[in-house]
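Chain nomenclature is as follows: A, B, C, D and E, assigned in order of appearance, with residue numbering initiated at 1 for each chain independently.
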Amino acid sequence: MDFGVFTEALVFYLFAALAVLAALGMVVARSPVRGALSLALVFVALAAMYILLNAPFLAVAQIMIYAGAVLILFLFVIMVLNPRTDILGARSRAQTLTALVFAGAFGLLMVIVLTSGQLAPPTGKFPPQVVAAQGHTEVIGALLFTQFLLPFEIASMLLLIAIVGAMVLARREKGARKNIEG
Amino acid sequence: MLTVTHFTVLSAILFSLGALAVLIRRNPLIMFMGIELMLNAVNLAFVAFSRFMENMDGQVFVFIVLTVAAAEVAVGLALVVAIFRARDNVDMDEIDLLKG
Amino acid sequence: MSGDYFPLFVMLVVSVAFAAIGVGVSALLGPRRPTAIKGQTYESGMPSIGTARRRVWVRYYLVAVVFILFDIEIIFFYPWAVVFRQAPIFLLVEMLAFVTILLVGYIYVWRKGGFDWY
Amino acid sequence: MNIFGIVIDPAIVNFVILVIQCIVWIVALLTTFAYIQLVERWTIAKIQVRIGPNRTGPRGLLQPLADAIKALFKEELIPSNADKLVFVLAPMISVVCALMAFAVIPVAPPITLFGVEIPMQIADVNVAILYILAIGSVSVYGTVLAGWSSNNKYSLLGSLRAAAQLISYEVTLGLALVGILMLTSTLSLNGIVNFQALNGWLFLPQILGFCLYIIAAIAETNRLPFDLPEAETELVAGYYTEYSSIKFAFFFMAEYINIITVCALATTLFFGGYLSPFHGVAALSGIPILGWDGIWWFALKVFILIFGFMWIRGTFPRLRYDQLMNFTWKFMLPVALLNILITAALIIGLSWQNGSLALR
Amino acid sequence: MSQFLWLIPALPLLGATINLLIGRRLPRAVSCWLAVAAMAAAFGAAVGAFLELLALPSDAQVIHQTLYQWVTVGKFSVDVGFWLDPLSAIMILVVTLVGTLIHIYAVGYMEHETDYARFFTQMNLFAFMMLMLVLADNYLLMFLGWEGVGLCSYLLIGFYYNRDNTAVGTDEKFLSPRSSGTKAFVVTRIGDFGFTLGIILMFWTFGSLSFGEVFHGAETMFQIGAPIITIMTLLMFLGATGKSAQLPLFVWLPDAMAGPTPVSALIHAATMVTAGVYMIGRSHVLYELAPATMAVVAVVGVLTAFIAATIALTQRDLKRVLAYSTVSQLGYMMLAMGIGAFSAGIFHLMTHAFFKALLFLSAGAVMHAMNDMVDMRRLGGLRKILPITFWTFLIGALALAGFPLFSGFFSKDEILSSAFTSGNVALWVVGVVTALLTAFYIFRAVSLTFGGKPRWKVGEVVTVQGAVASELDAHAAKGLHPHEAKWVMTLPLILLALGALFAGFLGMPAVLGENRLARFLEPVFQHETPHVSAELEWLLIGISAAAALVGIFIALRFYRGDAKTPARLAAYYPSLYKLLLNKYWIDQIYDALIARPGRWLANAFWLELDGKIINGIADGLGNAFRGFGNSLRSLQTGYMRGYALAMLIGVVVVIALLVMR
């Protein structure tokens, strides 16, 4: 038995189970903080998946951006708002049931499609050994700043719009501070 | 050996769970998290295909999705904050502004 | 390649185990005689009024938003930095364009008082 | 491998070594934490002209042990309206993150023990710097959740302040290191150390980056003069007001391990890591101290930096919170970008001089 | 360099973008000079491109750069591409050079204006659009620039949107800047509608809009006089009459004078209004296939020239005299296009750009000195007070009048002699008469403005009619203290005066030298100048010169001192005088014939047809559907979740169907 393959499979199933369980936990979490915590676990598990897929740079980016920034923003919003109602499920029971059935059906269908399909043969442009030799970050960098330059520059535009939008939306009153402060 | 199917099936499951969170939860924050989960599931599929197709485009795409997600969360949560401060309400089933 | 990262996994398991054992051992060893007074939160000795589940200042949210955007900038900076020596001038110009656009947002936030903590 | 006639798969041997290594690392970090903390108490006492711990054991040397025992045996208090699960998880997240972050730092070149070559770092990964930043951003959870779950207004404010401070300074921290990467073209810490072996310490070309890094690092570890989240005069004890026993100890531990980690990272990035300062000087090379001179040099450099931290703590007054936030957003961030620009100019200038300027 | 053709329009766009985003925050000087720098850089790039073009062999003088594919819908595909040949090279040089000078001038002219950033944003944007128009390599991109300049023109005419009247010190009623802008927009829109139809027809005919394919297709597929080409060119000419202010759509241009004077100079004299001429020159391949259209163009052109010149005889507002003279000169250019003398038309376009910009800017300097007063009845005696302005205005006037050896002389003469040699003596006669009128009215303006004794007093406060003194800004409230403007305003005047003096030597008639411009443009127009005997040429030159001299002489006689002749003439022919003074009542006629019936029709449609009949049908249908809708309403809950669920169900069904298949 090849120990490397075994550990890979072990790590995969471990983190896959963690991801699914944590995602389930998020779906049923009553408190949004716990939901966010579960989602953080999913993100960590996905980072592990990316490492298994030879994309370590994406893995750390995933943790840094999703777990370290996006979810922190969620936590901040939860604290800024401190929502009281932690109700589970939609108001209409029928709707909840329909949603459950169809989400399940969707997952099932996707699994059927994905297991019955056949992946096109690899292009061979970036086999894992080459990526490992050059370094994943370097490969991503080289691609991002040449072939994908336009999306990169557009990203800055997007961020600019986001920051202005968020400022305008969230910051209405200047003087009024009826909430507790820090 | 791990194959692309391992990862894509996981991705499909996570996507369904994310959709479920959007569909059955009333708390907009959790619904939002569901959307993030769906995005991440798609990212996983991207990376998996990219790895097994030996083509980096998918991974660069994930990188861009990361940016989009961040921008989306910033603005989306700003909206949530704005709505909540205006309505003092957390229940998405009481927000029916889409109604014509 | 992913083998390089296996030790981190082991380290994760070991440190989680360490933390869990620490908490468990302390819970076993320490005495536990809870009373209503002990269960109250400590607010400088004053009786606590209401819960801490209240809304707080939205400014914290704004800082987090700005942080997200600059975090993205950092994550773009790193691949840029490692390939920088391959084509310095070309990459510098690209990044200047990127940063200039972001700086517009930065200046906007600054001018709108997003960084003023009063 | 053959031990006592039983043939064992080398993969399993490696695995066992790895587990042992992890445990050794944790124990070493805890010990270092304990004594650094003791030394700090002594140092601060000296600066403030008091005596400091001197009762437990000779000159107070057993003080950390006593503290540990006390932490383990104290009664745990959990506020009755707290979110208990999150309340317990928060310090665990903090300490696990602190331990994980150190795992990628090379403390010495690989050594050979019992005929097995053992790398003196848990994992040599090629995204190490980003990894440390990522772990740093995850450790914010410990802070935020601790404050939130306590259901205490002071804790909540303390944790929000701390989190806002952490994320704000994380930006500068991240940007301050970009200059290093531009020079070394690698994210691997070993690669950076090797780069310094060939080209000299990066401290000089990156002096601005170093200053930014150190300031941000002090803020990231919540040390004076940036210790507002736990400013006892304002917020009782900040986000860990409600914590007691081992859970309090975990936060404390995490804080000091983080200090060790940032200093170790600074050593690795700016001061040649485990390299001897006389590296390359033929006459002085190859003076092994117990054959492990890498570790000693590394420890010495790290300790000097930590001592600097203590000194700063003992001498600087605390900032006001608005000053703290203004400082990073309005001053450090532009300077960090400037540093990147300067480094870029330096590289372009140098490569232009060498005639190796590649234009695409 | 040819790879950087895009820089020429991009630089003004950059300037506009910067001023748009942060111009308000920038110090005045930075914002203004940034705009100037953008234009100057564009000029530099244009010179570079021009030199590169010159270096090419004369049978392949085209630089073609495709930036990217703009639109692709089925067979229809349009590139964003630039096309530099001698024709567009002349245009970009004129646009960027004159534009730069006017921008410099505007820095001085707008110095009391608080909204400088908006002004320079729009000016730079205008330059960008104009350069797109002339550099485009296909009709759609050209149309983009065409509409873009129209938009900028609208914005800039309405620049003083909060004022009711900009003509200071006069008792005449003019449209407010807002209405003027709207008028310009609406009137040119009528022409643009024709142009759009022409482009659609063109695509329908040739399956492409790029110059190369269209011209090739036209040359190979059609005979001279093909009806479809005639219709197409007529429709496009309708666009040109709108943009280039020809009969019957010229009415917007005089009102466009409500904008700031640099705008009048740049847009409504030197560049945008020549777009129609340029477009016809660019499409000459098509026009040469449609002799009927050519005849229409020539007749419309010469009539416009004549009618506008007659109106200009009686106007009292200095800027309006120049506006009508612009209409008239554009008529000349159209005449040249109509008789196939394309290079002569372009030549006149170029010289006109110089001397008319010069005249406008000098008029602006007068306004600047006289607190915006433009009523010539209240000016006078400014020759000594504004020496530089006087001399530059005089040079411009001489050039416009066609005084021998000034630039306008050569270009106008070339048009007239082409008209004569092409056999249309009638056109020539009208043209010569118009030339005489031109000389007369412009020297009337010179005399009234600069000659004689002042008809104003130092310290006198001039106001817009009905305004109260307290509403004036501090500067105007101090009353009249005319003085020469600063160097930023006089320098462009002097440079333009040099242009107005010497630009004519580029295209001298054969008897005097060599027509370099025509030779430069030859690769574009493949136009053979008909050989004319030297005697005839001298005769024609003599007649043009004589017309100019006579006109100048009469004007100087009439308006020297406080001569009574004009008033007596006006009293003698009251109806003619009134007719001219009121511009043939064209505005009133349009109002009665088009605007009022239009409004009535719109009201009828709105109240009767729409209100009663259509609404009746709609309500009936609506009521029928309401019952049906009510049953579906439960789906439209307004809750996001419901919609999301519906989406998911749809996705599941589709995937299920695909899997089953």
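Here is the rule we use: a contact is a pair of C-beta atoms (placed from the backbone, for glycine too) under 8 Å apart; a residue touches a chain by one contact, two chains touch by 3 or more.
These figures come from a predicted structure and were not determined experimentally.
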| item | value |
| --- | --- |
| Smallest number of contact steps required from chain B to reach chain C | 1 |
| Contacts common to chain A and chain B (chain labels) | C, E |
| More contacts between chains, A-D or C-D | C-D |
| Centroid comparison with chain B (C-alpha atoms), farthest chain | E |
| Per Cα centroids, the chain farthest from chain A | E |
| Chain B-chain E separation of Cα centroids, rounded to whole Å | 53 |
| Separation of chain C from chain E, taking each centre as the mean of its C-alpha atoms, in whole Å | 59 |
| Whole-Å gap between the CA centroids of chain A and chain E | 56 |
| Distance between chain centroids, defined by C-alpha means - chain A, chain C (Å) | 16 |
| Per-residue overlap in chain B, given as positions that touch at least 2 other chains | 19, 23, 63, 66-67, 70-71, 73-74, 77-78, 81, 85, 93 |
| Chain C: positions in contact with at least two other chains | 4-6, 53-54, 56, 58, 60-61, 64-69, 71-75, 78, 82-83, 86, 90, 99, 104, 106 |
| Interface hub residues of chain E, defined as touching at least two other chains | 641, 645, 648 |
| Touch relationships between chains, expressed as pairs | A-B, A-C, A-D, A-E, B-C, B-E, C-D |
| Residue ranges of chain C touching chain A (in the complex, touch as defined) | 1-6, 9, 53-58, 60-62, 64-69, 71-76, 78-80, 82-83, 86, 90-91, 94, 97-99, 101-102, 104-106, 108-109, 112-114 |
| Chain B - residues contacting chain C, complex | 63, 66-67, 70-71, 73-74, 77-78, 81, 85 |
| Touch list for chain A against partner chain B, complex | 5, 8-9, 12, 16, 19-20, 23-24, 26-27, 29, 32, 35-36, 39, 42-43, 46, 49-50, 52-55, 58, 61-62, 65-66, 69-70, 73-74, 77-78, 80-81, 83-91, 95-96, 99-100, 103-104, 106-107, 110-111, 114-115, 119-120, 122-128, 131, 139-140, 143-144, 147-148, 151-152, 155, 158-159, 161-163, 165-166, 169-170, 172 |
| Complex contacts: residues of chain E adjacent to chain B | 636-641, 643-645, 648 |
| Touch list for chain A against partner chain C, complex | 4, 7-8, 11, 48, 51-54, 56-57, 61, 64-65, 68-70, 72-73, 76-77, 79-82, 84, 128, 131-132, 135, 137-138, 140-142, 144-145, 149, 152-153, 155-157, 159-160, 162-164, 166-167, 170-171, 174, 177, 179-182 |
